[in-house]
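My questions all concern the structure below.
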């Protein structure tokens, strides 16, 4: 019924790219230590453990994820903006692409989740494009090899499957991780209602231009970016060189 | 014809959450006292009473709602942004989730509405997702229990129904409130044309990323938020930890 | 084939409102006098006359319209933002609603248009909602009476018709103005390709939250608005009063 | 199967316009010289050559394109914002329209592309409207004549074809350039998956209001634009002159 579209081939180059730019950025601890939020009382007991993927010594970050908690597992999603590098010319180019990070974590009891067993899957722009164009009976699958192009190529295989319910009224979003080095297999699957998937699609559609860095072309710059950029000047001249040939 | 999707199960955790974080924040008076707007002359006589839900001693707020006035009742909608809490680490996390607040009020005469009999229903992100994915012949229903997890659990039951017209050219949006403590039942129903529902969908789609706090990840911060945040730094390192395992 | 939805009834209150708030704001002259733009050379000869509706003594405004020029007439569209009034409480409320203004002008020769014979039609939020939800074979019609509720009620009748092409690949957007006082009838019709209508829909969808003032709820304020507003505080407490009853 | 919509007629005026406003803005060199990005290691060897179309002596620009690399060719896309001119009245008008620039480049080996043989095609607002409204089995074609209205009219003919795959699961985007002066014909074709085309549609939808300049009407101004503009004042009075007649 739903068409099943593997993206093995067209993703090769992207994957290559991702694997290199998405460097590990430090140790990952329990994100907020023992800090408790009065506003999170309603959240399961392991609340300190599963809020977000955070690097230690972070500071000045904003954490705002959309979370779906279900019986056997949960998933958290949050956009990761691209970073820019300043060239000698004074121009900025994207040095690390943005993505939407999915963090899966298994349930270990009623409304209890084990954040230490989380599994990550970073959706690229094109994967987001695929996701947001899925019809109610469509499905798709994405493959990532974290060790690609390195000596550990093929040792860890991740696949993310988005599979529509038979009645067209929701999806299963499942992450399968086969780690040949640790000889482990993990499967985390979260059923999404149509409403939850609609939130994911809307939020990812919103995030996509930001992930591509296109918002930087169209919005005033700010000091946080190192050097001042004036986007309104950005393409004044870069414009329509079409006619030059 | 239209499918009818109850969201009882998947909403449980959200509801639990909402009930705790959405604290009562003071007495609610008539929002603008006797202040009259020349621009509101065309609005029904009870205009001072039904403009918006406002807390006393507010100040520096912006009120911009989309209102639909019909023969038996009217409804007003406005986004409520999330609030953030600053951690010791300097990071910000969402402490209260955003929503789109619906305020229903009954008609008490031709173009007269009784704002004192207003009934509120706060749409969560997932409920908004459901709403914006409704097709022209779809319907849905949301249930809220304001007393959930407290000693008054089950005493007040609210249900919001969005039901498509038989001809697929509009919806009825109805709020049903059963209050066992006061032994009252209230039913407020507002017919929406396709155009009015399209405004609601478009406005809610716009609001959704803001309600999730994703706009804070992608936009420069401002002084109003207490401490300066530099969103462009936000996820520089938090990015793609996918490859770490 | 296409369904034809008149909006006579549900528009009554809006119209009432519009007529009062949308005051005439001064004499309207030829917008840019004899100022010529090198970049507008390709535009018809009467270019100084038909660029935009502008009030004299304007200053510090931005004019950016989407224009469609066809054989018998052209149309220009541009969003008009709402204005806010500051209350004694320090809060801001919308005092004049936003809209998307359509300006029609007849052709008086090949690529020549007579801006002095322009006819205006201001699309309200709900009319925009109707427009952006039109399917490829749908049609709709809006009626405005500029003299509504005044002594000249019914003297001038405007109707805007959006009618899909039989092949579903475009629309006719036509403005009909019957002026009984001047005993004139004017009919201006502009065929839109599917692509041009798609621009109109996308631009109007973008404009809609701004017309409602919802962007003010979610974005940092700026000095241009008179007093500083801190939108992030806006609804901190106004939030979820749903639970209070 | 897919309908094929040529846009020869309705594009004439636009084309005329484009040809005049999109002036050549200086010599075009290799954008980043020998500067190498560690983050671009995964990108083909000719990476310095094909990143973006840039003018020499640029500075303070942001480069963020969405690129699709395939076996025989690749394409890069990036929005070009409009530019504004300040009038004596202090108002700003669009002096050069925005666009989304497509840059095609041929493959010259496995994952090697020849940036020096790039071909540009600048999508106007209406062409973007056509693109984003394409259904999964639709197709369209755009024609540009860079020499239009000049002595070289008809010497160079460019046509961009977007043609859906037979299975409705992707598109071919192809640029055909016939240069009678140089007696050359070039054909560059890039297959897009449904996901890649979805990114293109979403990014172009995001860019469209910015290309029209409508974001300037609705957002605070910034210093980069030369003179301060206060968009909130912009159309306070320009609003609804509909009622004046």
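As written, the chain order gives the labels A, B, C and D, with residue 1 at the start of each chain.
Quick note on the criterion: a contact is a pair of C-beta atoms (placed from the backbone, for glycine too) under 8 Å apart; a residue touches a chain by one contact, two chains touch by 3 or more.
For each chain, UniProt lists the protein as follows: A, B, C, D = Single-stranded DNA-bindig protein WHY2, mitochondrial isoform X2.
None of the values given here were measured: they were computed from a predicted structure.
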Averaging each chain's C-alpha atoms to get its centre, pick out the one most distant from chain B. D
Same residues or different residues where chain C meets chain D? The copies count as same if more than half of the interface numbers are shared. different
Where the CA atoms of chain A average out and where those of chain B average out, how many Å apart are those spots? 28
Two-or-more-chain contact residues of chain A, please, as numbers and ranges. 18-19, 21, 96, 219-220
Chain contact graph, described as a line, ring, star, complete graph or other shape: ring
Using the contact rule from the top, write out all pairs of chains that touch. A-B, A-D, B-C, C-D
Residue numbers on chain D that touch chain A, as the complex places them: 18-19, 21-26, 28, 32-33, 35, 37-39, 41-43, 51-55, 58-66, 69-70, 78-81, 83, 96, 98-99, 101, 111, 119-122, 144, 146, 156, 158, 169, 177, 179, 193-200, 202-203, 206-207, 210, 215, 219-220, 222-225
Can you list the chain D residues touching chain C in their complex? 3, 5, 7, 10, 13, 16-21, 82, 84-85, 87-96, 125-133, 140, 149, 205, 208-209, 212-214, 216-221, 227-245
